[in-house]
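Mind having a look at this structure? Questions to follow.
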Amino acid sequence: MPIRAVVWGENVHDRENAIVKGLYPDGMHQCIADSLNASSGIEATTATLEQPEHGLPQARLDETDVLLWWGHKVHGDVDDAIVERVAARVWQGMGICILHSGHFSKIFKRLMGTPCSLTWREAGETERVWTVNPTHPIARGIAPWFDIEQSEMYGEPFAIPEPLETVFISWFEGGEVFRSGVTYKRGAGRIFYFAPGHEVYPIYHQESVQQVLRNAVTWAAADAPAWADIEDAPNRPVDKAPQPISEKGPRLHAAGEAGYR
Amino acid sequence: MPIRAVVWGENVHDRENAIVKGLYPDGMHQCIADSLNASSGIEATTATLEQPEHGLPQARLDETDVLLWWGHKVHGDVDDAIVERVAARVWQGMGICILHSGHFSKIFKRLMGTPCSLTWREAGETERVWTVNPTHPIARGIAPWFDIEQSEMYGEPFAIPEPLETVFISWFEGGEVFRSGVTYKRGAGRIFYFAPGHEVYPIYHQESVQQVLRNAVTWAAADAPAWADIEDAPNRPVDKAPQPISEKGPRLHAAGEAGYR
Amino acid sequence: MPIRAVVWGENVHDRENAIVKGLYPDGMHQCIADSLNASSGIEATTATLEQPEHGLPQARLDETDVLLWWGHKVHGDVDDAIVERVAARVWQGMGICILHSGHFSKIFKRLMGTPCSLTWREAGETERVWTVNPTHPIARGIAPWFDIEQSEMYGEPFAIPEPLETVFISWFEGGEVFRSGVTYKRGAGRIFYFAPGHEVYPIYHQESVQQVLRNAVTWAAADAPAWADIEDAPNRPVDKAPQPISEKGPRLHAAGEAGYR
Amino acid sequence: MPIRAVVWGENVHDRENAIVKGLYPDGMHQCIADSLNASSGIEATTATLEQPEHGLPQARLDETDVLLWWGHKVHGDVDDAIVERVAARVWQGMGICILHSGHFSKIFKRLMGTPCSLTWREAGETERVWTVNPTHPIARGIAPWFDIEQSEMYGEPFAIPEPLETVFISWFEGGEVFRSGVTYKRGAGRIFYFAPGHEVYPIYHQESVQQVLRNAVTWAAADAPAWADIEDAPNRPVDKAPQPISEKGPRLHAAGEAGYR
């Protein structure tokens, strides 16, 4: 069965900005979905902010293996309830790929627990992406380095937790460096942040970028059934303890009572 | 200068439950603060939920090196704005020690980005705390293992991110295990979660527990000035780039404009 | 193509000790290989210490996806050159699963860079293996916990580097805990240490242990071509630099000279 | 009591190469030691390859808090027994800072368990060191970035285990990036690798480099008594088990017998 990917796009600059519209007539999300669908192992569709429930009703998320997230201008317009819903699905095992300016999206900050801030410059300079973990599944088929001719500079310090693994580090013409490809796990869900993707340059048309995203989707797809009850805190009473014990001393909770939360 | 610690207590069971009141006539927070003050290097005070701003106005947090957090019954009553304020101070460098049932506090879940769920049983059984990282600063002076005669069982799976370092793992009489002492960094802030501390047992009167908390406060105290602007995403324009570059190609932002967030 | 696994057995107690011989008439390595071959995706063979080159000539290692290693009594008899050969293949991408007393094998200590010491007791006590990372590929199909009725106690502190991920933690009847299933990466190679497996008990006949090993082999098998030149330190001369530069200042090495090592 | 640091220098190019001799008339090790001694909290001495036992007899190591290691041309001349001795002291708690070409030293490879390979170019190009973890103790007082006007390029992929924390990442004029400041723990010992330090450039005369090394020594110094028996694997017999148990079933070892290794 192919991996079911959903590319979520903010779809604001895609419609309002002439440059972006010219580069991505059907929206960036559609360009990304098309490039994922070039792999026979992936079946990608799209969702956008302006749709009901931002295109992410619970039933759809439940059938999504990997979500890709591109947002920039209106992070604040994303409904907090949808953010929590997405986070809950990640914990259960849905993979998520956060793209470019998504570093400041509610969902990425929610999953990281840090500000996810960085420095930036929009000067059309060259970004050179270095593969520092060449046998990681996300780097499959990727050269030791590849250039993005025009890119927005994202620079360190990048206020993220220490990654599980660092896959790519970028060099910028203007003199900066950036951890541009990093992985995490939160609950059962695999997370990949990939920095390139500024909307006024044709970055998602570039083959090596497309390959990274196909690899990332393949890597992030769960290989286990959903951890459906990960948010529960089940009581295991005395008579179900793996080792025979008897109750001693005082207690707070009546038998069968749920814990506080 | 001594480390300025604030012990935050929910202070509900401490006043409402006869057993807890008997064990901690001045509240658990006061007992913990007293035990910290036994160290000449720490100056501990307390704050509680029912105080204005939960006893944690910005000015006080700004002068706090390490916050200890004990909550259980009314996690939901903690004001979201205060949670954000505490998280922001952690990112800037304030240490935080999350105690026992605080695994389900808003602030711990906020910093972890995971559900922080676990299994539990309240049977007054023995918990044996094993030191798995014996030369970690938090384990200073702690024996290879120590017993808590009566404890609430907290069991795996504990839905937390992979720790930076695991310091303690607990064995339970009823047959479970638990990663009972784990560390993280989020921004500049050091985080320690310590599991023992159920309110109906005299756990915070136990010397080895007190020693762990003194060590944890000493470890978590920042040794760097606050990272005050960690939430900013500063633009570094072309004329300030470390390497001389000239602007190329299209752009989205007018010069001097702030980035989106 | 099935994963090519080789189960390496020291094969000393298997032949010399009546109890072990009774439990594993064809040797422990054969029992493990048989249980791996129960999976259609794995093709397992065996190698033993007493064979020429310990059964691990370079050509065979080159065609091995995952090596499993069981040794105990005569770690010191393993040829250092073979250890280096195995390490080199791990760096290139061969997975390796270190079993039980293999914690003190030359190859595990070589890959960890630590003493890998622990405490132990041989009393036939119960070991309860807890799954702390239930959606990790190595835990697929494994219950929240399973018991090994008779086991050798291995206890903390276990002198290993902080794991990439902790999958299992064991509880012992005699009161200890142990990180019994941990993962690492060294170069391109994935490493899994699994503690249960003392030779005088029928542990490798137990279904849940067999399932863990099948999962581990599947997880450890490389999904990338070998990183064949990982030990090289290639010079990238000025005329091959990604960014045009000219040579400046003094230098130590003549053009084309290899680096020191 | 000041931290007792020993700067180990290979001392070959320092005597044989006119450029190096000109830059470091007393040897690089002496220059580094002098810069450490500028801190009142550090007391640094030197040791070199040509001395008996490479200047590192056991008694001296036992009184060393932090060892700094600079080698390049004759890594192979370092006695394996001394390497093991140093590794053992690191496990017990001695800090170690590996400098520049020491990435290929026996001791660094021993502690990492990986090839520690990289790409390189000797062209006198600019290296820009970025602080990616600005509140790490090793970055204290270090600017967001600092330039080394002439440096040897060290480039990714750097075949090291995923670091405990990444403190610095370097940008190179010729287009590469490199994780130039990374930390590890092995046993009780803290390890810091710092890349800048090619011998034909005056890098150790640069204030920011000296500050990094002073910080690193301060960070790496143990704050716990030595873990003297870390290589032991003590038996904890039935009558010393924390939980009362009785022996069951067969066993391999006679009572009181030492384990195999």
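All chains are identified by letter, namely A, B, C and D, in their written order; residue positions are counted from 1 within each chain.
Note that a residue touches a chain if its C-beta (ideal position, glycine included) is under 8 Å from a C-beta of that chain, and two chains touch if they have at least 3 such contacts.
Just so it is clear, the model here is predicted, and its values are computed rather than measured.
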By CA centroid distance, what chain is farthest from subunit D? A
Interface residue identity across copies subunit C, subunit D - same or different by half: same
Gap in Å, rounded to a whole number, between the CA centres of subunit D and subunit A: 36
Which whole number of Å gives the spacing of the CA centres of subunit C and subunit D? 27
Just give me the whole-number Å value for how far the CA centre of subunit A lies from that of subunit C. 32
If I count partner chains per residue in subunit C, which residues reach a count of at least 2? 128, 134, 145, 155, 162, 164-165, 175-176, 185, 187, 242-243
Show me the residue ranges of subunit D that touch subunit B in the complex, using the header's touch definition. 93, 128, 134-137, 139-140, 145, 147, 164-165, 185, 187-188, 222-224, 227, 242-243
So in the complex, the part of subunit D that touches subunit A is made up of which residues? 128, 130-134, 144-145, 155-158, 162, 164-166, 169-172, 175-177, 179
What does subunit D use to touch subunit C in their complex? 13, 17, 19, 72-76, 87, 91, 101, 104, 110-115, 117-125, 150, 153, 155, 159, 161-162, 164, 173-176, 184-187, 198-201, 230-238, 241-243, 245-253, 259-261
